[in-house]
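Next up, some structures in structure tokens.
You will see two complexes here that share chain A, one where it goes with chain B and one where it goes with chain C.
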Partner chain A sequence: MTGARSERWTPVLFLAPAVVALLAIGLYPLLLALTTSFRTYLVAKPNLPKDFVGFANYAAVLGDPTFWQALGRTFLFLLVVLPIELAVGLAIALLLHQPGLSLLRALLRLSLVIPLATTFAVVGLIGRLMFNDQFGVVNHLLGIVGIAPVQWLGQPTTAFLAVALMDIWQWTPFVALVLLAGLTMVPAEIEEAAKLDAGGAWAILRHIQLPFLLPGITAVLILRTADILKLFDLIFVMTRGGPGSATELIAVYIQRIGFRVFDQGIASAQAILLLIVTIVLSRLYIRLVYREVA
Partner chain B sequence: MRIARGATLAALTAALLGSSPLARAWTVEEAAAPYKGTTIKALFLDRPGYAAAIKLIPEFEAATGIKVTWETLPYENSRERQVLDFTGGTQEFDIALIDVVWIGEFAESGWVAPMSRFIDDPALVDPDLKLDGFFPILLESFGTWDEQVYGLPFDNYSGLLFYNKCQLEEAGFTAPPATWQELKEVYGPKLTDPARDRYAFALQSRRGETQSADSFMRVLWPFGGSLLNAEFRSNLLSPESQAGLQFRQELMQVMPPGIVDYDHSEAVNALAQGRVAMITEWSAFYGTLTDPAQSRIVDCLAVAPEPEGPAGRKPALGGFSLGVVDTGDEARMNAAWLFIQWITSEAKAKDYIRAGGVSGRTAPYDDPEIQAAYRYVEPMVASWQDGVPDFRPRFADWPAISEIVAEWGTKMMLGEVTTEQGAKEIGARMEAILEKSGYYDGSKKLLK
Partner chain C sequence: MSRGARLLRAAAILALTLFCLFPFYWMVATSLKTTAEALASPPTLWPHAPTLEHYRVALIDKGVGPSLVNSLIVAVGTTGLALALGLPAAYAIARYEFRLKRDLWFWFISHRMLSPICVALPFFLIARSLGLIDTHLVLILLYLTFNLPVVIWICADQFRSVPVELDEAAVIDGLGRFGIFWRIAIPLAAPGIVVSAIFSFIFSWNELLFALILTRAGTRTAPVAATTFMSGYELPWGEIMATGTLIVLPVTVFALLVSRHLVRGLTMGAVK
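Presenting the complex of A and B:
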């Protein structure tokens, strides 16, 4: 009897630390943000009362044109970087999936991990140096092919482009590794049979490999969308959201409200709205893209 | 015999007085004795004034037995780090680093203790404290709020004109420009040659406090403009403010392209590498520009006060005071006070300057040796005579307003909006913040 009871509790005890940690670092901050979003909470004015204000913070956020502009800029960023990361990542994955390239594959896999292992802030610093108009490597390379130096970080469009390029540099390897994992799931005999049936590379990709890639693509879409919606460090170090507000994505704006203006009520309402956007997009991705292999 | 008896009496009196606590000279060693073994923590920046303090700290620790620790952060994160510490109850910091524009916020929130608490205690106050030995503008601007002293000036800056006298001489100038107008119209064309990548001037204008303080405000005051009028309404649409902002747009013709991405390091580097001939920068960058490892123009470097505008010189004023965080722990607070009093004292001022800092005391700058060794001294002292204490408003709402100015100030420079449109946007948003804070309904004193 005692043995049966202890057997019943063993899994609970094993799971408990993870569940407690998840509640502490996941659920508690979320609930705190939710309750804060319904209050006046100016951190830097501790003498002001933290009154319950209902949906006033949400109304203020929804009526704030800067919030919408930052959100629009974030979706533009998403639309620029995600397709490129998927296309280039798929090309790398297909290259590494070729038989007989074991040394190249080992080297490339190793080098693909390097950008992933670099923190966002360091990527921002690298970007600031690479796109420096005086001694940056990007202008140096352009100079070799006869293109005049570009004021990358001093002009709105080029600054946006420079930040996008750094994001693509950092995250394309992640996409490539996820898609490569998907390709390794394709049964070798089916691929062989398709090749023998004289199927072209496109036909094999479309009909044989793509079904195995869809779960990975869905994961990439969800993770990268969430990443871009909270992209802060890279931009703060590289451009601080400028020039003007050219690179002020939504997370940079929320940080500005939360930790410069110290209006935690408004910042929490913005964060909750952003969470809702992320959840809606994730559900859309799963509904539209995700397919189990039949 | 009489003489001998008199001498004995005198010796006795002296001995008695000598052993009396009233007659003994105050020393930091004795004042710190009750706090020996106490550890205090400060927030420092990665700038020369803090490196200088770090060099001097071992001397204080040896004399007092108080251990001084510090955390070094970039300026952009320093207010956030401190505010979260003060409001989160973590009580990590004992010494507050107070930027000139944070004094109102720190004092009104009760995060720093008024200095009178320590100055009124004979056991803690050095008889040579001499508050009147600080430059009045520095003590008023960096350390005083609502007529109470909360901080002692520690890392002190004045905007100065750093210039490459060799380049100016090559262009036929024997002296730096006296006025902003002259800089733009006379010096600008002769020193600007985009084909050779040479420019007359660089004004650091990157989004952030650099844009709002170093760029935007810098062109308001000399032209007679200001951010706010006496009623705390926006003054940015006044003809004087517009003249200053419009001047900045025109001045961009003699500046390197991409100037809206120039922070302090880019502007200083542009001068140090000979790409630009003049910059207006904080006095603290003198060390960088005279370091042969970082500057190619060491022998050509010259320093002058900032040019004058139609309303006078009104140079940029900036800097930090040190205050005692009101942690409620008396030992830590008293130990922090003793350190602040010591590091900003007149007695340590020359050591601080020689270690690379810029003291806020007047006395060391009278020393001919200091004047000869540090070329920035004369123009800096002159600038502190002409300065505006509220060059930037020092009230608690400045950080929020600074964000707005930084955003719309760069948009103006990029030509995305006109100076008038930008001024309207800043004015409307700024007044909304001030209204919310109670400046217009009489619930808050008009202090800045």
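Presenting the complex of A and C:
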């Protein structure tokens, strides 16, 4: 019976290295963050006792208006970029799905890869250059249609918009590719039959294609929410969260508390709260998007 | 389709292509302009006197060269480690039934949602107490939090497509479990393994937050080096964009290679 026993242990042996690694670098730090979140922990004052303070850090975070503002700003950002990314992404997907013009379509299909591959930090650099108020190309293009130069990164609302535009540039192709994958799942004969029934493009989209698009749309909604909760590189490079705190989304805010204010106790409590949101999102993603697997 | 509709559609496709390419083009064009031209108002649409001077200054004088080497060491190191740890795990998930398999699977996937800042805070304290700040090793290890799940996901998918009959034939030939994995499964799953390795490389190459917190002058990666330019009043835009181009160009080539799998990698296989 040694054969059967060794058979039972084989998957354990195969899995152990990966599981141990993820426990050590993924789970252990999170547990450490959890214990830090119950303590006073000021990095700049290493000799201060790291007292256990119970839920005091959490109470401080939840009672702090700047935390709620950062969170509110994050969801506002989501509300600004997501509808545009979905609408333009859908338009791109529909254009790519229609037959004809195959050379142009192949060109667009390849171009979609460029924004997705561009290093997030470099997207921030490009944003700073293009939205520069003196020699930026955006103001130049606006000038051509008669709009006066805008101090894009110098004012709260326009800085927020400029960052949002760079996010839209980078992530619309992702939405387009996900939706295109959904469109290709529509059985060709059903689509042809609907066209012969003299259904307009809108009717076909609503009644024939939409059911096939829904899983992709769900995936986009959850992943983009998770990604915007993570969004750091682009903002850090483009605006550092400024002017003031106009573009300080939640991940940038927590980074500032942890590494510029050096209050690890408070920052850890914030990170744990963010982690709870993450766990909820993951559950949703798995339940709604992996339906056929789960 | 009528002629007008066809033209309209062609125009829309071209406009969207332009939208995708323009910021990238602008970066490359600016990197080739002279300093005066880069700051000219109104801006010139293409470099009138193209020069590689900014690349020379960035690579040699500003230390971008060594930071690219650091990025390469980290990205290759973490990708190798992710494959070494992830391939057996992916194989086990594809070939065996065991308790908690689905929970394990979902745990791997949930790393896709994890905000790096949640791990970065405590890992900074761990790395400091272990003396790992400013080493390649700390990034190689930390990048596993996102590389390992992607490698496991894509490769498990690929291992499932290797016919089980081949395993059975190999048993008759006297190969053990590990022999089958090493001699049969890995060569046959090579296309998926390459795709997952490219993803792992791209994600690591592009990473900023962990590198910003955990590296100093000695092991600074290229994205961190790019951000160090961003202080002071007179920004050297030519050098900054040359650095950006040097960082982005290699990953763009890789991304074009795996463009058919891009969505699969970014959605953890939920959308193919």
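One rule holds in what follows: the second predicted complex is superposed on the first by the 253 of 294 C-alpha atoms of A that agree within 3 Å, B and C clash if a C-alpha of one lies under 4 Å from a C-alpha of the other, contacts with A are read in each partner's own complex, and residues count from 1 in each chain.
The rule is simple: a contact is a pair of C-beta atoms (placed from the backbone, for glycine too) under 8 Å apart; a residue touches a chain by one contact, two chains touch by 3 or more.
All of these numbers come straight from a predicted model, not from anything done at the bench.
Among chain B and chain C, the chain that touches a larger number of residues in chain A is C. When the two complexes are overlaid on their common chain A, residue A:77 makes contact with neither chain B nor chain C.
In the superposition on chain A, no contact is made by A:160 with either chain B or chain C.
When the shared chain is aligned, chain B comes close enough to touch A:151, but chain C does not.
In the superposition on chain A, no contact is made by A:67 with either chain B or chain C.
When the two structures are aligned on the shared chain, A:212 is found in touch with neither chain B nor chain C.
In the superposed model, A:239 lies in contact with chain B only, and not with chain C.
Legend: residue contacts after superposition of the two complexes on their common chain; A:251 is shown touching chain C, with no touch to chain B.
Applying the stated contact rule after C-alpha superposition, one finds that A:259 touches each of chain B and chain C.
In the superposed model, A:58 lies in contact with neither chain B nor chain C. Across the superposed pair, chain B and chain C both touch chain A at residues 134, 259. Residues 76, 80, 83-84, 87, 105, 108-110, 206-208, 211, 257-261, 275, 396, 399-400, 403, 406-407, 410-411, 413-414, 416 of chain B are the ones that touch chain A when the two sit in their complex. Residues 1, 6, 9-10, 12-14, 16-17, 19-21, 23-24, 26-27, 30, 38-43, 84-86, 88-89, 91-93, 95-96, 98, 102, 104, 106-126, 141-142, 144-145, 148-149, 152, 177, 181, 202, 205-206, 208-209, 212-213, 223, 226-227, 230, 237, 240-241, 244, 247-248, 251-252, 254-256, 259, 262-263, 266-267, 270-272 of chain C touch chain A in their complex. Against chain C, the residues of chain A that register as touching in their complex are 6, 8, 10-15, 17-19, 21-22, 25-26, 28-30, 32-33, 36, 88, 91-92, 95, 98, 100-101, 104-105, 107-123, 125-130, 134-137, 140, 143, 166, 169, 173-174, 177-178, 181-182, 215-216, 219, 223, 226, 229-230, 232-233, 236-237, 251, 254-255, 258-259, 264, 267-268, 271-272, 274-275, 278-279, 281-282, 285-286, 289-290, 294.
Listing the residues of chain A that touch chain B in their complex gives 43-47, 133-134, 151, 153-156, 159, 239-245, 248, 256, 259-262.
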